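What follows is subunit A paired twice: with subunit B in the first complex and subunit C in the second.
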Partner chain A sequence: MSIVRSIARIAIVSLAIAGLASPVHAAEPKPGGTLVVGAGAGVRHLNPAVQSGGATGVPGTQIFAGLVRVDDKFVPHPYLAKSWEVSGDGMSYTFHLVENARFHDGEPITSKDVAFSLATVKANHPFGIAMFDAVDRVDTPDPHTAVIRLKKPHPALMQALAPLLMPVIPEHVFGDGQEPKTHPMNAMPIGSGPFKYKEWVKGQHVILERNDDFFIEGRPYLDRIIIKFIKEASVALLALEKGEVDYYPFARVRFRDIPKMEENPDLNVSTRGYEALGPINYVEFNMRNAPFDDVRVRAAVAYAIDQDFMVGKLHGGVPHPGYSPFYRASPFHSDELNKYEVDLERAAALLDEAGYKPDEDGVRMKVTLDYPTFHIDSLTNGANYLKSQLKKVGIDVELRAPADFPSWAQQISSWDYQFTMNNHWNYPDPVIGVHRIYLCDNIKKQIWSNTQGYCNEEVDALLKEAGRTLDFDKRKALYGDFQLHVSRDLPLYYINQEPYVTAYRNSVMNPPETVWGAMQPMDQVWLDR
Partner chain B sequence: MFIRNKSAIAGLLLMTLVLALTLVMPAFYPVDPFDIVWGPLAPPGDAPEIPLGSDFVGRDVLAGIIHGGRATLAVGASAALITVVIGISIGAAAGFYGGFVDEILMRLTEFFQVLPALLFAMVLVSLFSQSLATIAIAIGVVSWPPVARLTRAEFLKIKELEYVKAARAIGARNRRLIWRVILPNALPPLIVSATLTIGVAILFEAGLSFLGLGDPNVMSWGLMIGFNRDFVVDAWWAVTFPGLAIFVTVLSVSLIGDGLTDALNPKLRDR
Partner chain C sequence: MQLTIILGRRLFYAAALIAAVVVLNFLLIRLAPGDPALTIAGEMGGATEEIIEDIRRTYGLDEPLHHQLLVYMKRMLSGDLGDSLFFNTPVMDLILARLGPTVLLVMTAMTLAVTLGSFLGVLAARNPEGLFSNLITVLSLVGYSAPVFWTGIMLLIVFSAMIPLFPLSGMYDVRLGATGLALAVDVLHHLILPAFTLGIIFLAQYSRISRASMLDVLGADYVRTARAKGLSERVVLYKHALRNAVLPVVTLAGLQFGSMLSGAVLVETVYNWPGLGQLAFESILRRDHPTILGILFFASGMVVVANLLTDLTYRIIDPRIRTGRS
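Then we have the complex of A and B:
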């Protein structure tokens, strides 16, 4: 079944390579021009094989190609691999590489490089184990065929082969025995993608130039991409309005600024392109200590929170409500779970039942709530809302303001907190982004692991089963069960889905709006001016 | 003298108003400033329950003004006290003993004086905790140098005067000279300076809160501004009213300070 489906998929896909599900523009693409991209954070280096995050990812996916690229529905399409077959048992994936593909220094890209890249990512990337632990070995029968052989079925494999997560890096450069994470060439990489590294002035800009030798004929359209680092969000927005910046992904704007930006006739504002990251916000309970070791107390907090008020009033209707551990664009998202519609009486009853009776001032307990420094609208203002709202059911909340991001992260990752506002990214497959928050063996002193200390063997079994189930419908059912379980156990209570924003000028055509947004190759972007 | 000074009278009246608002009114308006009482960002006059409107969470702005003044004034007063205590101790020692002690203490004073005060206070607050006590201490720690310099100048001047020499001649010890002979005579300008410091400290607290470094658990005027500044375009009232309250308070403190200067200056007496 699965092999038939994959072949059918490849056939459809091969017909549609050029289109790639990007918005179709009637106009003929104009080659040439320089795209200026605004970026907030500085970048450590340019090699996404050993570094996660958007700062490296935006230039990194221009410099390096991956085996496949993903469209706006999470469907993989040919990229460096012109086609692939999956064995009937789902245990081996055979990729046929594009034959004329060369690295930026002229060396051919071979299956050996693919094997080397996968091994490097597995050993060095923060998600290396989650993505490629199931890989037994990569066989290279000939220079243009790479066979990934698995130890166990691994439904997340294709998603993990996107350029951001598994960039194909040259073995003859990075395979010289130096430590990959600190390799000097990470700062000026020889890549395989549509744009070549030209210059990087720290704190200022990265300049990428068109790869004339790119393996897709006629691409990329742009001559050059300049990534400008602008620390202040307001300065970046001003630069965008003045036309000094064309394209500003991860724009750090406040919810209330978005409608104002949309009024500017020169700009487009989009929240698409972040589906593969899937940022979702939640209240996290430290389950090790009283009072949040009691599920009734956690449920009381959930019942006390009015999500409609938060999303609709507090946040002006900008974010999406979120109840599920899955981002709304994820194919595994579903609405079938305990939603805890606001019910203050029920919350009070639960607290009574748990033995937290109100004293003469109506106070049942005093607890401390932490909040991080990012997502100010959702998390800082959300924490202030919680302080006021939870008082209605007798929970006296003291806010512990974070000095900076590291001190908050330190507090949470050392389990020294009662409850906190938090956010995790879904990533394109739950195996990468969701399992880490819930698995018993991921209870670690590390931020964005299972810091709340949740361990339920049934949930563990469901996740492990879902992590090796290839049939989509079966897998979705397993995740459905999983989210029902965790919405009952309530280690986290999800409050909304964070909207990330891309702003770009009208002249930017075909802006990258697959699930990876700005962290996908921009070979089809062109400028109409 | 003081009573005849019009600005001082105005200052006193305003201060009485502020004190009445912050100390007496809470009893008559028992709405918790952290309670959500209405929809968010409702303008003043929208409903009789929220005469001054509501903030971005739906908290009553009037309740914030009435209940938040206490914390603001407390921070101002305690920061001024800390400033004066540190400033007078260091300035008095430097001015009285002179020489090596003076050198060391004045270099220390200069060291604190060249640090940008707001930045230094921000560092202190974020290094320790965002609580009212830390904020008051931080403000005190960054604003004592001018007081120290003033005290030192007064001491340098007064210690050479005849009556001090006379006191020394009849056997007064240093401690007595400092506390009983010189300090009382150096006090008038210091009192004025301390009064003005209260105003500065209140502004400081507002500034820190504006930058998001206020104590989120105690309602204060500065905190209200810090909370609501993101919404100032949509809801001016949530920022303007606490701003006005701070303005009036600082103004009254300044006017009183000016009045005191006149009253305590013998040359201006009975003019």
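Then we have the complex of A and C:
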């Protein structure tokens, strides 16, 4: 089925539905109450139009609405746009805005604000170009109609219109000529979403209050959301057990601690949601220098890894094995690729073939593996597992953990490493999250670009074609070819797909579990107490 | 007259010291691995080259180092510590908002450590081989050697999670929205565990020092004289002996103000106390150079002031210093 047709169909079906269906609890939602959300990382500011990441995303998607909202299957539903049509050639999208919608200062939300928001995101968001480079202009024939006109087909457009990626921000506030990235109102924004900015005490909390004038009648249910910053993960979990925190997304929990938490009758532990982030873990090889310039050496490393053992034994079955550059919930994910299932003899043979013979101690080579410390289970323990496995095939690994994230990031982005453990996000469309890792012209000195230095013109051509193909089946076939190529060339070897863990108290009803997790409007969350 | 000269000289040294600290910090911080612009981009989940260049330009990170230093010093003389790379707000505002909580925490912990420590030391000195004295020695050692974040978490588990006497984190319960007296009580409630955690490391040293110096003093002639005069043990102990025995304690307190501030970094992080220490910790992880420099500037200023105050306190407690250079 073509994606254009599917979008058109969804638009018709969902015309009458204001928002998402919420099947989790049949009970009548109780209005009122304060939800305390635990957050690990401090927030830079509250405007997701010019800042990516979860710290801004959780409060940002409460403060700002988007044209559409996305459910747990990547399907867009009406939000600020009550309906939309896509032209036959897929080159123009006409959105009809909800008519009574107002910003938190009382000003009406118009198509001009939509055009302004898109321009601001395109120019300032870290993924602005990937998301909206294909947009030629936004026409505003009347205050309630916005027409996005493309210069080339752009299959990722609808996914890029979620509140997190394209929040609708007020032009009369942010359009005053000040630099958007450092605009003072980013710290106390006037938004369009279900909750209003009330207070932000840096390093302590953000308080959001119910927007009584929200454009969806009767929502939100909560009176207040307090986002409480707790740096220490163990303290955050204690706070949750004590009830000082109700809901803890991106919970920094060790996998082995999950069963213990599940024993607590007051708590729920969930690994649902966040498919739009799609975090995947991998071993990254610096392909510029020996020994990892040789695909046989890279393959030998891959053959030494037993993913089933890692996932099942090391990580208690919480993550999933993952061989593909696509997250398993992505519609483009497929299992048809070279998996390099564990085979130590094969690994040794490949190393022989590549000319790395064992010395009298059985050592073929000495290499250094750098690993970041932000995913202790998959990446830190993974690095230790890799060391012990590679020893079996004669590769002597020295492990090195740079002091903190900035040190590691600088090392990787200056290409000063042999191989490293890494993690990248898929984002809701490969154009945003996957292409950047593989395109030849994205070999950059910056983190989460093509830092490994991989360049294959065939792969480039496949990605570029997939980035402008609207027909879903054709697009999926292109990505299938792409992943076959990269699993042969092996610039990265994917080791697993690790879900985000959310822990929350029983009293939290309808916790946000769409593909965006907590980075979606929480207008349907309510408290049963 | 003499006091003003001494004070003037001290102030001059203090200013020179702080200036040196600023320059040294400015250069040291740039030796640490990690580029602020890349870190900001990393926090955003990656960014294009243009965005990174833009960040560098916005914050003047593309200028040569000596130029950056000159600009920084010039702005500093007018009381401007620059803007935070992370929050985009003036560093001065960030610091002023955090100064109060840190001073409250450190002063409470200090008072606790000094008074309780000296008191325990004096008690121990009365019977240096007794069970009580040994108990204090052991406890002091444990308190001194346990890492502060471990002590913090343990105290939280016991006195907040298992026995719910104290709140877990923060300076006040934002859900209550308390003001006035109720807020003060709430802050006090939140203050107890962190102040105790920070105090406990230093308590050990004060009790050891005051025990030792008390033992010294108790063997002195004038104490024997006081006893011979028939003064009660309490008067001998607290009025005659303690006053002299407390001098090393004051010295230590002045010297330790700096380490107390660094201890606050960890305590504030564990307890989520909204002070300078927590800000310092996070700013280092974010490579927020202007904020780190601003905090170091304030911290060195506070240490210098603490040392000045120590000198003055000395003059009050010990008349010998007041009358001459002997």
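Just so we're on the same page, the second predicted complex is superposed on the first by the 510 of 529 C-alpha atoms of A that agree within 3 Å, B and C clash if a C-alpha of one lies under 4 Å from a C-alpha of the other, contacts with A are read in each partner's own complex, and residues count from 1 in each chain.
Here, a residue touches a chain if its C-beta (ideal position, glycine included) is under 8 Å from a C-beta of that chain, and two chains touch if they have at least 3 such contacts.
Remember, predicted model here, so these are calculated numbers, not experimental data.
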{"item": "Superposed partners subunit B and subunit C on subunit A - clash or fit", "value": "fit"}
{"item": "Subunit B versus subunit C, judged by how many residues of subunit A each one touches", "value": "C"}
{"item": "Contacts of A:G53 with subunit B and subunit C, given as first, second, both or neither", "value": "second"}
{"item": "Following superposition on chain A: angle at subunit A, subunit B versus subunit C, Cα, nearest 10°", "value": "40"}
{"item": "Touched partner set for A:L238, first subunit B, second subunit C, both or neither", "value": "second"}
{"item": "First, second, both or neither for A:P153, with subunit B first and subunit C second", "value": "neither"}
{"item": "Which of subunit B and subunit C A:W448 touches, first, second, both or neither", "value": "second"}
{"item": "First, second, both or neither for A:P321, with subunit B first and subunit C second", "value": "neither"}
{"item": "Which superposed partner A:D404 touches (first subunit B, second subunit C, both, neither)", "value": "both"}
{"item": "Touched partner set for A:G42, first subunit B, second subunit C, both or neither", "value": "second"}
{"item": "Partner chain(s) touched by A:Y385 [first = subunit B, second = subunit C, both, neither]", "value": "first"}
{"item": "Three-chain overlay, closest Cα atoms of subunit B and subunit C, distance in Å", "value": "6"}
{"item": "Common interface positions of subunit A, toward subunit B and toward subunit C", "value": "403-404"}
{"item": "For the subunit B and subunit A complex, residues of the former touching the latter", "value": "32, 34-36, 39-40, 56-59, 126-127, 129-130, 212-213, 215-217, 227, 230-231, 233-234"}
{"item": "Interface residues, subunit A side, partner subunit C - complex", "value": "34, 36, 41-42, 44-45, 51-53, 55, 124, 126-127, 129, 179, 181-182, 184, 186-187, 201-205, 207, 226, 228-232, 234-235, 238-239, 241-242, 244, 402-407, 409-411, 413, 424-425, 436, 444, 446-449"}
{"item": "Residue numbers on subunit A that touch subunit B, as the complex places them", "value": "254, 256, 313-314, 381, 383-385, 387-389, 391-392, 398-401, 403-404"}
{"item": "Touch list for subunit C against partner subunit A, complex", "value": "32-36, 38-39, 41-49, 51-52, 54-55, 58, 86-89, 94, 97-98, 153, 156-157, 160-161, 164, 167-171, 174-175, 269-272, 274, 278-279, 281-282, 284-287"}
